[in-house]
Structure formats: structure tokens, C-alpha cells
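Take a look at the structures below.
Same chain, two partners: subunit A is paired with subunit B first, then with subunit C.
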Partner chain A sequence: MKFLRPETLGEAAALAREHEDAKFISGGTAVVLMLQQRLIFPTHLISLTGVTDVPGWREVRRTETGLRIGGGVLLSAVARSAHVRELAPSLASAAGVVGNARIRNQATTGGNVAESDYASDPPSVLVSLGATVEVDDGTAARIVPAAEMFTDFFTTDLRTGEVVTAVHVPAAGPGSHASYTKFCSRSAEDRPCVGVATAARLQDGVLASLEVVLGAVAAIPQRWPEVTRAALGRPLDEQVAQEVAEEYAMLVDPIDDHRGSAWYRREMVRVQVRRSLLELAGDGGAA
Partner chain B sequence: MSDTSERITLSVNGISQEVTTAPSRSLLEVLREDLALTGAKEGCGVGVCGACSVLVDGKLMSSCIVPVGMVQGRAVTTVEGLAAEDGTLTPVQTAFMECGGFQCGICTPGQVVAATALLRECPDPAAEEVREWMTGNLCRCTGYYSIVAAVLQAAKAGQGESD
Partner chain C sequence: MTTNLPFAIPEVRHEGPLKVTGHARYTADHALPGQLHAACLGSGVAHARIVRIDTTAAEQVPGVRAVLTAADIGDVRYGRQLRDMPVLASDRVRFMGQRVAAVAADTRQAAEEAVRLIDVEYEELPTLLDPRLATTPDAPVLHPEAEAYRLVQGARHAPAHPNIQGELVVGAGAEELAAAFGRADHVFEHTFRTPRQHQGYIEPHAAIVWFDDDVCHVISTNKAPFGLRQQMAAATGHPVDKIVVYNKFIGGDFGGKGFSLDEYVCFYLARETGRPVRSIMSYLEDLSSTAPRHATELTLRTGVTRDGTFVAHSAEVLFDGGAYGAAKANAHLVPHGGVDTMSAYSVPATHHRLTAVYTNAAPGGHMRAPGDVQAIFAGESHVDMIASELGIDPVELRRKNLAGGKTEGQDPSETAAVIDQVLLRAADGIDWSGVRSPGRGVGVALYRRKGGTGRGGVVMRALSPDRIQVITGAADQGGGTVTMIARVAAATMGIPERQVEVVQQPTAEALFDSGAGASRVTRVLGEATRLAATELSRLIAEPGAVFPVEVAQEVVAPADEDCGAYGALAVEVEVDEETGQIRVVEAVLAADTGTVISPLAHRGQLEGGFVYGLGGALMEELPVEGGQIMCGTLGDYKLPTSPDVPPLRIVSVAGESGTGPYGAKAVGEFGNLGVAPAIANAVARASGVRLQQLPLSAEAVHARLRQTGPESAPPREPGG
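Coming up: the complex of A and B.
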């Protein structure tokens, strides 16, 4: 295995196209674990650490519509960023509960998206906030909605040579409330058994929009817009929370793993969705 | 892994080091086996337990999951690099001794490095903040009370110094 250190995005992408079994490496928390567990056998690791020509690669910037978080921004920086805490607080919370302080100091925003780990905290939040992902292969950039980025276990819409250069998150407008609830079945520093990302906007005391996205229960973040749509025009109260939770528990087709059986996950979806929505209501939602 | 060796330069505890090795080897392995710095330990090997905690450019990281190729040109601090040259211990090290913040000792280097990183970022943490930060450093002996007490005492001592 060779370690390559390109200095531009174009070089990095060209190397990825040249070497079929190459992997990009940014913070390394994902790639190194996969190497150790012998899940991947790349011939080349292409380090993105030395790439200097991506604008705002390590910066969180405010834009006209919200936030642009560079692909190289550490999860610890996302969690602490005053901009993220103000405009996308549920994303700051999710970034702040990934792994432990050391993992968050190493793992990057772009890497987190590109890994598409079903049991990672940020992806479901990105989907719930309607975030979009900016990807670039050194010659052309494109924007992919987060909801379309994650396609299967550890699989994304990224094409050969494409790097996640930034994540765009729309700013929370007036009346917006969002939360991320991480339910762990083993120890506090574990990955989630069930993650629930919610985002709601209330207007005149009733729901003008509602998103509920489940993480860690299936290959990719799960949502049922027909269920949340049925809650629009109603106050965010106990009845709505209960209904959405029951529907989600019925519709989810959960995985079975060491953090919980399918049966247990379904029960936890019922409990955690209801709780998350009630907490959101307590956040100023319901009158 | 049969990898191509490379010459990698890095600063370890303020001393410039040059190693010729496969860049995919873990920083932990290079520290322990090539540079004879055995303070950082391998516990879980997957970034969970914190026994291998080091600082890279001042940031707390798990050296077991950092490929050494990634620290080319960067500054690493291990537990060996914390005390002064004359052996004077840091407030964190002193507090761990005074509070009995360890029993068997295998997690202690990691605990001390993690606590040092916390107090650099947040010199006066609440007990809850200490517990949250230190969740990433497992200890199977102490039950954690004495570790939290040590970090809080070190925070007080550190403030005394800067006053």
C-alpha cells in the first residue's frame, strides 16, 4: 500500500482515477478501522490533508441561505462552532456526541458523509435539515441532497475521484426547532442503537413543516414523509408525537446487531420518536 | 501489511525525529517500537479506550488509529513529554498522585494526556464537563471518582499558578 500526498484536488482526483483500488483518507478514523478489520484492501491511500486549493476546506462559513461547512472541518469544530450552534443546533449536538473527544478531533465532516456509516450520528441530522453535499472531482462540482447521498451500508452517490468539499445546511428560520436524540444500548461512548433527528417549523401554533429521520436502524437514514405530512396544520402535542411514533415503529424495518435486535429497535423507535417530538414541543413548540 | 517504506519526519516531545517506515503503520506502534516511548499503551486498538491518547499539534487523538504518514511534519506530545526536563511534574500529574487517580496504572498515561488536553481547552471545567470529556478514557479499576477528583484538583492548582 502506498501513501500519496497530493497538493490539489485535481491531483487527488486524478490519482483516484489512475489507481482503481485507491481510497481517500482525511482524518482516518473510518479508513484505518476498515483497514485494521481487513474490510478494505486499497493499493493506495490518497491523503486529503495536504490539499490546499479547496476554498474553505477547514472553515465554517455563513452563506446567504445558511452554513457552508468545509469537508475538512473536524467534527469537534462543528460541535463547537458558534455559527453551527446558532443556525443548526441539532447538527452541533450530533457532531458533539460522535465517539469520543479524540475521534471528534480526527474525523472530518466530509469523511463522515463519504463513509456513510449506518451507525454514525450526523447523517440523519443532515437529512432532517435538508442539507446538501457539495462534491468535486477536480474538474466539475455538483450538489447532491443529503437524502440522496447515502445509498446503502457504507455506500454513497460519490463517483470515482469525487471528494466531499463541503456540506451546506439551510439556516433554521423563525419558529424552527430541531433536535438529535442518541439512544445508546450499551455504554455512553458507543455508537447509537437508535438515533432520532427531528426538525419542525411552527407557525401560529401549528406545524408548518416536520421532518423525523431515524439513524442507525437501517442501511441509510430512514424517513416517511407521508407520515410527517399528516401532522402539518396541527399543534405539536402529545397526540401528534404518539401518532408519528406509532407509524414510524410500524413502518421501520430495523436491522439486528449487537446494539439491539430488530424487535428491540422497533420498540426503541416508538419510545424515542415520541420523546424527541415532545422535547421539541417543550422547546417552545406547543402552546 | 507489506507497504512501501517512506522517510517520515515528525517532532515528538519537542525533539525532531526521522523514521523510515510504512506510512500506514500506526503512530502508536512507531512511538512504542521505533522511538521507545512506551507511555502510550495499546488497549482496544480501535480508538475507543483512550490508553493510547497523545496530542497531535495540541489536539487529543488516539495514536492507535493515526497512520504515521498523517503526522508527517506535525508535533506529537506523549505522556513522557509533559513533565519539565528536571522531572517536575505537571499539576495534572501531581493531582493524579495526590488523589490516587489510578490503581493498576495501564490507563493512566492516557488519562493524564486526556486531562491535560481538557484543561488546555477549558481551564476551569465543571465536574460534569470532566466526566463527559473523560468518557473516552476507560478505567476498569478506579470507578472514575478519583480520576474526576484529580482533574478538578489539577484545574484548581493550574489556576493558582496563573494567578
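Coming up: the complex of A and C.
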């Protein structure tokens, strides 16, 4: 296995196209684990840490519409960023509960998206906030909605040579509230059994928009817009929370793993969606 | 003997500076000139006949120096007592991960690449995964050749069924037991299950072996260097006095480092290549092919009179022994602690049958208080269930039945008074009778842990009156052996601790030592040091003493030595009635652990033991499906971390003196024992849910709260 250190995005992409079994590596928290567990056998590792020509690679910037978080920004920096905490607090929360401090100080935003780990915290939040992902293969860039980025277990819409250069998150407008709930079934330091990302906008005391996205229950983040749409125009109260939770629990087709059986996950979707929405309601009442 | 002991001053670890500066060299830190790297092929099936092994492609990999199978080395069997484990499987594999071939190469990558290219053809055999079916007529016989198996020492008592690894039956005869149960007003019977668990040490198993003429040198993670030497000699036929083991620093053990695998393949690879060979396990190998705690099923039966007096007790304890008995260190080949189901109580007639059976899973081994953990979870849950059915307060029911507490016509013994104090201090500490909000409850567990047994010795040498050396063959797995020895030596001689140097020597130099296990180190090596230091003081005080002055001292603590420590753990828990999550709010451990030699290590053992028990109670489980271990990393196999740990208060109760130096007792396998039953009992009182199997997972609690008996969430069963 060879370790390559390109200095430009174009070079990195070219190397990825040249070597069939190559893997990009950034913070390495995902790739190294997979290597250690002998799950992948790449011939080449292409490091992105030496790439210098991606603008804002390690920066969180405010834009006209919200935030641009560079692909190389550490999850710990996302969690701490004043901009993220102000404009996308639920993303800051999710980034702040990934793994542990050692992981967050190493793992990057781009890597987190590119891994498409079903049990990672940020993906469901990105989907709930309507985030978009900027990808670039050194010759052409394109924008992919987060909701379309994650396609299967550890699989994304990324094409060979494409790197996640940034994540764009629209700023929360007035009356907006969002939350991320990480429900762990074993140790407090674990991947979630169920993750719930919510985002709502209240206008004149009723819901003008509502997103509820589940993480860690299936291959990719799960949402049912027809369910959340039915809540629009109603106040965010116990009854709405209960209805959405029941519908989500009915519609979800959960997986089985160490952190819970499919049966338990469905049960916890019902509990955690309701609790998340009620928490949001409490939050919204004060706004 | 000094009357004013300096043990109250917190210790400074002698080996601490080496560890915190990174200078302590663990096994995997050693690299010898010309060293080769080993990798092994593990079986991908749980039970099969090996039809053919093709190593041709593996031998062609550049850098590969040797590829060995049983065809090259023969059917070599090893074990801590029972020699039933092949170094490399010959005709048959019996668990997934069992070693079939070994490679030595210039690099680890080349060795692993070669392993991937070894082609094995298997003819699969019916598997035996449920220990309860091991002795049924249809069960496949895993070891048709079992009669030929040998113990490292002595002959083997032939078992009643070829699938039985080991058996231990103790207590009253059938007639006496039946008569005792006949005196009961109520008989309660409950069955409990505990899962396979992994020791969770951080340093993986590793070894380096090399030959110097006909002397075989070994550096390894094994915590019992003399035992390893003897086991290697028994297996390989290499003379025991031509094997030298150098073990010194071990990065965590918890019972898992008494059993070795790497040393044997390295032995043959080193002999084949004439070069040093190093093996370092991946954590996947550690989780899947070393020796976890036995999954256990226990059925307890207790006869009780109307007023709550225990009159008879019996326990059937079935251990899932896995594919080999090799990892067990006693000749009965069962985890002995299984007899401790009622260890803190006086019961006139008791009977225990402990059985370990073969199954197609990784060999069962030793883990912090082997057998005791299972027995005390079952026993202390059982006592609370009896209390609940009789309508007696759990603390009162325990007080009524304390060991030594009710010999007819006599006052309660001193022992009973101590146990009573231990129990009451824990109960008071948690405010047992206090009013609690809904969802909260308290629980208690009471137990006795036996003291250390075994043999060991030290050589003490005075180079001058103020320069003392203690030579030991003990490996320090983190428990603080070196520091303990220094403190006992200094206190006994009445000299400053800095004048004592503890020198860890290989097996060729030091006196025999049984190893860091069975809670023996302080009892045996501490006492040997005290005796040696007493004698050395006398000798150097003699007029005309000529330096260096040397004293050798051995100590044997017999297996039946009557010395134990009592503990009571009380906890308060909160149960989330919607999710089933258990939060331990607070815990109090009361204990009579005798004289404390190293206060920080003592506290560390009790606190660490508690956290260890917390993991076993709430989250740790090494599930096996179809013979496959379902946890490949410590991300899947979850250990508790700091946020999981509640405030723990430790209350010392002055009790009977221990048999260790200055009345010290063993605490290494003590703090973890009461945690699971105390939490299970508290959960029952908080939520009404009584769980009879570990771990006490949120899902298991939730399933019972919902009473749905969901098909998609069946309770996991041992071997299932």
C-alpha cells in the first residue's frame, strides 16, 4: 500500500482515476479503522491533508445564504464555531457528539459526508437543514443536495476522483428551531441507536415548515415529507409530536445491530421523535 | 516487626516514571535483529474436517520465510492444565478463528498477504453451539480422541460424557440435601444466564520467541511466566530448563493474559527459520480467538422456612466451555467461583454441581473472578426474589442468614458481626429506607470473595545496610506488584522505601512464582517479602555480617485457606420507563479488605473493579451467531467510559485480619462482584422488571416493560 501526498485537488483526482483501488484519506478516523479491521485493501492512500488549492478548505465562512463549511474543517471546529452555533446549532450539536474528543479533533466534515456511515451523527442533521454538498474532481464542480448524497451503507453519489470540498448550510430564519437527539442504548460514548434531527419554522404560532430526519436506523438518513407536511399550519404541540412519532415509527424499516434490534429501534423512534419535537416546542414557545 | 507501619502514606509507583515517559517496554515494543513477523490463518468455519491445505501460493510471496501447518509440526496440543488445544489444527477445526496455518515473513504485510493466499478445503460438520444440548444423544462429539488428552500435571479424571470438559461437585449428599429441603416451608427455584464477555485489556496478546543454540527465549504478554514455561515444555517436548521467559510489563490482563497462543506458533516458526519471530494479535483476533469469560446458565434452588431462614440450597451451573478446555488453570476444568452462589450466608445443607461442556465457540477462559461473577449475580438476584415473594425486606432477609450467624445455642460469631456491619454500612450509605421518586429504586448485593492461593518466592539481597534488592519472577500486569513488594520490604526493615530496589528477573534467575492470578500476588509474594525482610534484618544486624547478605523465601497459600473479604454494594438507579435505560445514580461499596499496603492501588482496584462490574452489568456481551463472534472491535464490544460511571463511595469496615502481609487481603477480583446483582435488584424495585440475564440492557428492560415478548427481540441465549 502506497501513501500519496498530492498538493492540488487536480493531482489528487488524477491519482484516484489512475489507481483503481485507491482511497482518499483526510482525518483517517474512518479509513484507518477499516484498514485495521481488514475491511478494505486499497493499493494507494491519497492524502488530502496536503492539498492547498481548495478555497476555504479549513474554514467556516458566512455566505449570503448561510454557511460554507470547508471539507477539511475538523468536526471539533464545527462544534465550536460561533458561526455554526449561531446559524445551524443542531449541526454544532451533532458534530460535538461524534465519537469522542480524539475522533472529533481528527475527523473532517468532508470525510464524514464521504464515508456515509449509517450510524454517524451529522448526516441526518445535514439532510434536515436542507444542506448541499459541493464536490469537485479538479476539473468540474457540482452541487449535490445532502438528501441525495447518501445512497446506501457507506455509499454516496460521489464519482471517482470527486472530493467533498465544502458543505453549504442555509441559515436558519426567524422562528426557526432545530435540534439533534442522539439516543445511545449502551455506553454514553457510543454510536447512536437512533438519531433524530428536527428542524421547524413557526409563524404566528403554527408550523410553517417541519423536517424530521432519522439517523442510524437504516442505510441512509430517513424522512417522510408527507408526514411532516400534514403537520403544517398546526401548532407544535403534544398531539402533533405524538402523531408524527407514531407515523415515523410505523413507516421506518429499521436495521438490527449491537445497539438495538429492529423492534427496539422502531420503539425508540416513537419515543425519541416525540421527545425531540416536544423539546423543540418548549424551545419554540420561548421564541 | 515494625509496629508503626508507614502504609497510610500514598504510594509512588516504582515503575510509574518508566510508564509515563514511554520507556517501559511492553512485548510488542521489542524488536530483535533479524526478527520475522508472524501471521496466522484462522478457521472460517465453526466445525469441520480439514480435507486439504494448499500453501503453494503463500510460499511464493516475496519475503515469506516459512509456512507451517500441522503436517509440518505434528498434532501438538497445549493447555494451562488440559492439553487439548492444537498449536495448528490437524484433522479438524472446532471454532471459527482456530489457527490452521502460520507464516513467518520479513514484514507483517507479507505474512498477512501469504495468509490470505492459503487455501483450505473444509468438510463441514454439524455444530454444537448450545451448551444445554452438549450431552444429549444427538449432540455431535467434538473430541472423539478426548481419552488421550493429558493434563500438564497428573492424570485426567475421565468425564461421564465426551462433551464434558470438566466437572466439580461439592456439598451435601443427595439424602442429606433432600432431608434439608424437606424442612423448608417454601422452595424457590430460578434460572439465570450470563453471556460470554471479553477481558477488555488494551494491550493485545503478543510474543517474541528466539533460539540461542538449544535455549528457547520467550518474551510475551503471559502473566504467569513459570506456568508458560512449563506449558510450553509439556507441549513441545523442549526441556523446561532450556526455556527462558522474560515477561515484565503487561498492558492489562483481567484474567486474559494467563492463556497464550502466540508463543507456540512463534516457537515452531523460530525453530524452522532460525530467526526471532514476533507475533502481535489484532484486536479482532483477541476478541474472536482468545479465551473470554464463560457464558453460563445457573439454576438455583433454595429451601426457606416461613420466617425467612435458609435451610437448603443447590445450584446447577453449566458453563459454555467452548471448543477447548486449554484456557482453564485448574485441574477440575471449571471456573471454581461457580460455587459462590450463597457465599455470604449460612445454609445448613448446600450442593453445587459445576459443569463445563465443549461447544463450537472460542475456548472459555478466566476473567476477573471467574465463576464468582456469574454465581453472585445469580445468587444475589435469587435472594432478592425470595425476599420479594416472602414479603421480607431484602436487607432484613440477608441479615437473618449471615454466615456464622446462627450456630445453634451460640452467639453470632465475629464473622457474622463483620458481615452485618458491611451490609448495614452499604445500606445506610445509600439511604436504604428513604422515600424515592417514581422510576427510582435501590438494590443491594452481599458477597464473600476468597483470598489468594498459590506459590511464590523472592530472593532478598542486602548489598549494604542501606541498599536492598528484592528479586522476583513476577510480571506486573498493572496491579502494582513491584511497588507493593518494595513497601512491604521497607516497612519490615524499617528503612526508607528508596533504599529498596525490586528487580524483575526471567524464569532462569528468579524463584518460582505461580503468576499474577487468583488474587494471589499480595498474599503470596507480599508475605514472602515480609518473611525474607524479617530474616534479612536479623542477619545484617549480626556482628561481622559480610555483605552481600542474601535470603531466599518461598510461601505457599493453600487452596483451602480460610480467608476471605466481605463486600456489600448498594446502588440507586433510575429507569426510564419509555426507553428502558438504566442510569445508576449513586453507589456505595462497603468492604472489610484488611490492612491496606498501597492506598492508591487499593482504591484503584475497588473503583476499577466497580467500573469493570458496571460494564458487565449493563453493556458487555460477546455474542456468537452460528459460531461467529459478532464483535470485531472495541467499538462493537462496548466498555464503559467516564460519563457512564456514577459517584462511588467506598466505606472501609474493620474486620478480621487477612492472611497477607500485616493482615492484608486480596482486592483485585473483589470490586466487580456485586455490581450486576445490585443493579438488577434496584431495577426490580424501581420498575417491577426482574431480569435474570446479563447484560441488563435498555432493550431488555423495555421489552419487559412493554410485555410484548417481541419476536424480533428474543432474549439472547448462551451459545445462541
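To be clear about the criterion, the second predicted complex is superposed on the first by the 284 of 287 C-alpha atoms of A that agree within 3 Å, B and C clash if a C-alpha of one lies under 4 Å from a C-alpha of the other, contacts with A are read in each partner's own complex, and residues count from 1 in each chain.
Throughout what follows, contacts are C-beta pairs under 8 Å (C-beta built on N, C-alpha and C of every residue); 3 or more make two chains touch, one makes a residue touch a chain.
Please read all numbers here as calculations on a predicted model, not as lab measurements.
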| item | value |
| --- | --- |
| Subunit B versus subunit C as contact partner of A:Gln242, first or second or both or neither | neither |
| Which superposed partner A:Gln36 touches (first subunit B, second subunit C, both, neither) | both |
| Partner chain in contact with A:Thr8 - subunit B first, subunit C second, else both or neither | neither |
| Which superposed partner A:Val271 touches (first subunit B, second subunit C, both, neither) | second |
| Partner chain(s) touched by A:Ser209 [first = subunit B, second = subunit C, both, neither] | neither |
| First (subunit B), second (subunit C), both or neither touched by A:Arg186 | second |
| Which of subunit B and subunit C A:Trp263 touches, first, second, both or neither | second |
| Residues of subunit A that lie at the interface with subunit B and also at the interface with subunit C | 1, 33, 36, 100, 188-189 |
| Subunit A partner contacts - residues on subunit C that touch it in the complex | 109, 282-284, 578-579, 581, 618-619, 630-633, 635-636, 638-641, 643-644, 697-699, 702-703, 706, 710-713 |
| In the complex, subunit A residues that touch subunit B | 1-3, 5, 25, 28-29, 32-33, 35-36, 45, 47, 49, 76, 99-103, 105-106, 188-189 |
| Subunit C-facing residues of subunit A, complex | 1, 33, 36-38, 100, 183, 185-191, 256, 258, 260-264, 267-268, 271 |
| Complex interface listing, subunit B residues touching subunit A | 1-4, 6, 22-24, 26, 45-48, 50, 53, 59-62, 65-67, 69-70, 72, 114, 117-118, 133, 135-137 |
